[in-house]
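Next up is a structure, given as structure tokens.
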């Protein structure tokens, strides 16, 4: 990396960025708050819809690149028995994501690895290419956060085209990491200025390391068969909340939906907690109970992924433990593993 | 032609699609009798024969709407006349409760009809179909389901 | 890069948009009461020209409106005019496939996965052990080897099914039987025979033990139901075969076929990318979750 | 802290007793680890473990969901901590022959209500005192009279809207559904080995999380629970998308109450409305 490019902007940078980008006709996703108080990234058309102060968004970024449900194929059967396949892909429009957290941006690294594994997944990559990610560094991690335990940092810049420090109550400092980031800065024009020479990034926010993934993997390597899996999954309901809110979980299903002579092939999210996930048409299920499915989830994240891609498939956002209906706590489970 | 007029003429040309689930023993025979006695009734109705009105799961109705039906009719034997003694009593409970649920969701319950037509009531069948076809015609295309896929989740 | 089996940046990525190629069903053969073989041709001549595969690879076949399902390519890569797949009626897609007629158009994506180790097989004795519909991937390989017969030493085919009626590729079984340079043994489970049955009666592992093939310079390729494979491996070990020179195929529910949808892994091995062909000795080191 | 606070000690004693006397193989109750925002299920096999048990006003979960599970049944007779609302679910499981009475040991808790502030269902609770349990802990709580019109206020609020507004409302709500099936998985009465949504021949309900599929799923869920749902509200609590599922179930509870005079889960012997009929049922709306 060459010289770090830094820019400075006002405390209101988020709102001015929204206005500047919307004025330029670019699609913008920015943090908004729903009636029930949920903070989430949503398409906005004016800075009035945007909030500037929040711990993290309810949803991670993955649904923007791997939508919950997306059309892979359209078909129409003709009179002569022929089949027309579509749709013709439309040129992708530029999209800017403003104000996601560094952990969520870092998760794109894991998704990139999977969706670029020998085969480049076109629907994913198109969305990835058109998108600029502008993250907001964390100054106050939440109690459920543990990014530093999985190789991340509250100020991590991984997969952020731009990383913003400060804002909301203080002036913002923008670190430009990629060419897409530079283009973003150009669009903001007069609301940003190059930071004076010698400007330093703020001191990193401290966040204690809560477990050691190496140690966890060491135990996982030896304990495919263990009572741990049964005991710790007794409470697990087998729903998809943890996976669906996880920034790195990427499993999907492909289904056809037909009506009369036409229909769609769709890619929908799927989840290893579901009994159906691995069920063969013959009725055989390689993962027949919740213990096996719970094991798959942990093994995939903390053993298989490191073995295949060199890092754990977890960014420490803590959404799974925060949202679990029965208080299943990944951190506690990993601490338990580490202590064995 | 003005737009309004054009809409009107399209509406008059438009034919509703009505899916009818008829029990094998009464209503289907009733419809058959109507045909045999040369009592005409509108062709908008597409008949699906089922063993008993009690067999009709609300999912049949929902699926019909999903696949483009503008109206769905379930018709069985009159109370007390069920070939299987009580299928239509069960249907009555289940389907009326289902209709209340549709209404709760704000889905127009006029789109979902239930009737009793016996094997001897060819005339009732013929007039019933005329009546509900006219109603479906007046209600126009069932947009609730048709438009449901237009907004893709993001 | 330190990670195993991961493509490096300079390797060209294959773009994948999940759109299948259209294929026309040229011929349908009824193998058993619930299994049909479909012979398929690409609708697009260029695609037909470009298409290449190796024995053991699989594809995702789709009936539009029902969805995709995974089957191996059951025809030989040496027969380039068409591809074939054999399908047992099990679930939604297979039921719809069985409803298709000759001339209908279906979808195909592939080929995916690894293949049988043709290079290692050169000059060796080959022992094929198949059970039920598991003969399909073997059939691709058997014809592949027969078309290149001089490259291999002895060829032995052991095949069994529950009943006579469940034997697939009946005509081809006869053809192989009549070949001078192929040893064959066909068997049905006890009770599955008719009075006219001239083959063996007994489970595949029992017949294998009776045949006593020599492990010397031999490569074993076995495909069939998991329970058969399990006991075949026991018998092979008893006959002094090394499981290092035995290969089999795994099947798991798959959706993408290319290592993305995340459901077919056994331990860190993805059946769709690292398989479907596995060395039997490697399988024993995997978690027993298949 | 409400009256619930004093129950923990008696509960632990009761659990310790049934475990040490080997009357049960497991006791399912509530526990709370440091930092947890609410009490969560614990599975106790030994009397020494009972110190993990708590009962407080954050014991939301309906533990009856675990009763049909094979891994729990393997442990032997199941002791289970039930509040009045949970007992109603147990009654339905008994009524539907999913579990046998002799296979469960019910440790009833006289519960004054959970939640801070208290959940709406607790303010109209008619079963503070769970009858028919093997052990009951906690002090008697005075039962307030609950009027019929108080029971279905959530559904009533939606019914009061005009039809177009209702559809607009539900369109917005159901569009949020991500099909995580937490509502199904947490429901003690959704015990099917294979849910209709997981059956593909034929595929009655589309699995895609688009409005059409979500409507079909939620209609199906509501109908399969009609005359069975006991209104424990767990589905709504666990929904990560905050969809007001309780209102849908309440609507159907109201329908069976008004039409058939039936309220689910007050007895293990009752006949469910869709397993029977009356020749006197309403004909209104039938052509």
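For reference, chains read A, B, C and D in written order, and residue numbers begin at 1 within each chain.
Note that a contact is a pair of C-beta atoms (placed from the backbone, for glycine too) under 8 Å apart; a residue touches a chain by one contact, two chains touch by 3 or more.
As the structure is a computational prediction, the values presented were derived from the model and not from experiment.
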Touching chain A and also chain B, the following chains: D
Higher-contact pair (C-beta pairs counted), A-C versus C-D: A-C
Greatest separation from chain A - chain, by CA centre: B
Computed distance of Cα centres, chain C from chain A, in Å: 38
Rounded Å distance between chain C and chain D, as computed from the means of their C-alpha atoms: 49
Chain centre separation (chain B, chain D; CA means) in Å: 35
In chain C, residues with contacts to at least two other chains: 91
Numbers and ranges of chain D residues touching at least 2 other chains: 206, 209-210
Chain A, residues touching no fewer than two other chains: 68-69, 253, 255, 257
Touching pairs - complete list by chain label: A-B, A-C, A-D, B-D, C-D
Chain C - residues contacting chain A, complex: 1-7, 11, 13-20, 22, 62-69, 90-91, 94, 103-105, 226, 251-253, 255-256, 258-268, 273, 287, 289-290
Interface residues, chain B side, partner chain D - complex: 58-59, 62-63, 66, 79-80, 86, 89-90, 92-94, 96-108, 113-116, 128, 132, 144-145, 148-149, 151-153
Chain B partner contacts - residues on chain A that touch it in the complex: 43, 63-64, 67-71, 259-260
Residue ranges of chain B in contact with chain A within the complex: 66-68, 152-154
Contact footprint of chain D on chain C as seen in their complex: 91-92, 95
